[in-house]
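Chain lettering (A, B, C and D) follows the sequence in which the chains are written, and residue indices restart at 1 in each chain.
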């Protein structure tokens, strides 16, 4: 990706800057020596803060990347001979270089389909039926859901509950990849609990980095029994930070100040604005901060010529493009994109 | 570790704060969207900056912890059936919860002895002779050295060269755990090259976190052939940062501004000051920023009663204690410790 | 599986007995002490015997199971972050409890479709296009083909060559699961070389157990460079036999005496006899020793009531059944089955 | 090892032939089709036979090698971040190419010392004290004992009970590598239970191959809870035999007919005969079927010149040699060795 000639970058919320509130939180804890490896006062407050956030007792742990959060979570749920059911387009499948396989000691990802990035309950039932547990097969162990999905849609609480019920009935634990959880909660306008533990989620990768943090994610356990195994795996993977306070301080500010919602709401709102301009070019409902547009080769070229930066979705020669609205997206970029999309439509 | 009643903390340089220069470097790159996953301008400059630092072409990569740096480096050098020779007290042996074993897919650490934390060349020769490569045995693959060592000593360039020569003669690659490399270089007053590639080191874990950075370490390859394998392993381990710029900016400032030396020199100088006060209680030469003192149970208790915080070295009931001087140690704490140690001597 | 009331077992060639010629070969080498771990005269002859069999220099190694042969072979070809392309119904996918993932340290199996158990070259091209090698993805590493396939069909030499060419063009190595290779070669009436190295196969799991041996399989390397890695992985997996001579003697007899062909030809011939009786109920061409029949629930029940033993193919309630003809299948069982199938047709 | 000019081989009991009773057992079950993968009548009888052998309910499983038995057993006991305490000279340490590390996903072997191949309880206590369980360290998980040891000695039941008690007190499970268990039991003249579960052993690698079997070992669980995990790991490792009956039949005959004792007793008796001739040259008590002799370079050369085959113990240039007496050792070889040793003494 060359950003050189790009005026309006919609590549990914991974390219966003760090929210000033979180930089300030980092600076605020830079106060001389503090206990290391999570024994500092801020890391020690995470359980309380996240328990309040989720309206029930939870255990929350710092990691620096979403890949680490996902792989560590799933390694805690799946034995080496485990079978983890995931949407075919999930980040753990497509974008983590086999992290789940690495962390679990060789568990398998079995792909499940579903429209608009959401696992279809019928398809999950079929996949489970097609993968019975005999001594010759990998053993059904976990279901992982992504919220918001990789296609910018969000699961309704009932949809998650339905999938979790299927999973639990078959003895699977449920993991949620919440790299964009804030965007989903804002879109759904529900409580954090509604799309997580109340809907059957056992372990959550709680994302903050895409939404303004500096390499700070949390793994949240709704079942405390899994915690010790997780802690040892995290250490062993080099993901226990000696200077944990700087990530913890960000997470505290993020969940306690409402920044998670403010930033997500802004990105979502701008995404809706673009969706309005995109009209029938939308491939999927816009239920978070991502848009997938059928622009055609000419449309993509036209937008790039005007300084818009975005990724092809699918083959470079294909018609589809992905636009991600970051928490720090400028209003000006959004308006320019809206105008350009409207111009494309009338062309 | 409770720091509550501690006025003067000498627990670890891991408890230190972040250097203001590095917080400033983070803030300076917080300028809107930037390419992610290391394609930003600062990460792209790391090779050049570290090549200048080491006075030869190198490849340098960001990771967030020393454990990740060590385990990823060694996984690149050792096959799953590899044998990695390490000092019995090395961090990879004692303090990383089996990270090397995890990352390598089950390689073994074979322990080698040596006084004052330094591997003895004769002991290395013996260990190699005792571990021949047959189809029934793990295969000699790598030697890992720690600079400065876990006992606060530093290898002279010639000592590293001798050990590397033994290793290379037996077909092993050489890794250096440089979590406190800056302190060693300052103590030795040599060039960075002298204790690394010129002395035979193939891959280096270059520490910055203990010396003032916020979760920023580098892995430096003097042999570019190993790089692709490393990059995939790093991604797969969740150690490729999406917002790489913030760690990269720190590392650039750290090596280019001379901060690495300034901070290390200060800690070293204060350590020498304490060493002078400790006198014959020193268990090992002070050649970096750590001190190991034979205080006895009464001595330890006396110091703790005066508000000094430090770890027992060995059993809690034993006589020995470790003091680590951080880059941000206050002069006041050091003087208080010197006074207390002198008082102990005259007691 | 209860075999109690079964008169005519067609469950699997895994249920077959050991060929008397191979029991005799075992007895013949039971002559006092012999060097262990493969240094015995019989194991040492394997390279020569298999080189003659394949009409070119090869290296051949003993293992006891097909799962070990497959997983060890593929671990030699694929790094932990490797991507191995396999037919969706392959034994490595469905029946080995994640052995490839275990042995490789977490490589992934990417499923490719194709009629009648054979990978379709177009589907392989598409799968490769859909899985490019970036730092975020598992890296294309190997293609594995099964000969004869899990659906009782055989790849023609040209079909293998086409697939191998696709694989090699993309930098993949080619593995063949030859658990029923003898049956395929007999059906195709070609030379062993034609469906292996001449068609681009790099490493072969050479089956003998299903065709009459007592836990004796070979891994055959057409590329000697991979051998050392294999040998260490085999040892480390507990698959290097101390009393290697007993497996080696079987393999020597098997390939040198022509028993491989005699046994396979008999099973194939009987399978064709049954195919003739099955007529339009066949789901797939019969090109080895397996038959897949659309019997319907009633048909399956009728045959079982008459004492035929076989597995459901797909759900127990579904219409399809698998019949495998073993090398030691009695003529009487085959004739009984033919009669029963003809009766079903006329019913 | 070249056996060419060797008349009297004392290399290893791994070089021994298969007992005729066990070849007969193989032939006796070669009776047409039988259920595969352990559902045959003989494999199904193993639990009963071994429960009788050990005088309590146990679960017993077939594997083909001692390395597989050990590594699978320990992988069942130790998590990937586990610490397994073993004698520094144990087979799992020295001769299995890192199998424990591989099977467990990277557990560590921590070496414990003790005279004559036996772990010293005090040394075990010290090792446990030196390896506390914090989040930074591998977690104490298992103790593995070898019976008879690698130096030809046997633990008394009380010694095993003492070590097991230490282990259990620290939360470790106890594994026994019983590759030569029959020789130890015969020497001690105790019940099989006395040196296993009654003395605190949780899982046992039960060897038969060295004592006359054709690649047949058992893993015996005294704790049934570990069984399912074991079965899946075994399958995944390619150690579940399709034609399990041939190994099972051997094991049944071996334990039920008393062959285990007959063969071991013969080897032990011959070893004692040699011990008598060796006199003061013995480095260790002879408590099974192995002898370690201080012969000196000249002595070793003299014996080899007379056609005796044996391994150096330690460096080739060193003074020590190992002699192993196999179940099928000829009386003539033993008498020749005794004579030669007596001649050395008087020389």
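The rule is simple: contacts are C-beta pairs under 8 Å (C-beta built on N, C-alpha and C of every residue); 3 or more make two chains touch, one makes a residue touch a chain.
Because the structure is predicted, anything quoted here is derived from the model rather than measured.
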{"item": "Identity of the chain that, by mean CA position, is farthest from subunit C", "value": "B"}
{"item": "Over-half contact-pair match to B-C, picked out of the listed pairs A-D, B-D or C-D", "value": "A-D"}
{"item": "Distance from the mean Cα position of subunit B to that of subunit A, given in whole angstrom", "value": "34"}
{"item": "Euclidean distance of C-alpha centroids - subunit A vs subunit D, Å", "value": "51"}
{"item": "Where subunit A and subunit C are represented by their mean Cα positions, the distance between them in whole Å", "value": "42"}
{"item": "Residues of subunit D touching at least two other chains", "value": "37, 80-81, 96-98, 102, 105, 135-136, 232, 235-236, 240"}
{"item": "Subunit A-facing residues of subunit B, complex", "value": "1, 3, 9, 11-12, 14-18, 20, 23, 26-27, 30-37, 39, 63-72, 96-99, 102, 209-210, 214-215, 232, 235-243, 246-247, 326, 328, 330"}
{"item": "Residues of subunit D that touch subunit A when the two form their complex", "value": "37, 79-81, 105, 135-136, 139, 229, 231-233, 235-236, 240"}
{"item": "Residue ranges of subunit B in contact with subunit D within the complex", "value": "80-81, 94-98, 101-102, 104-109, 111, 129, 135-138, 315"}
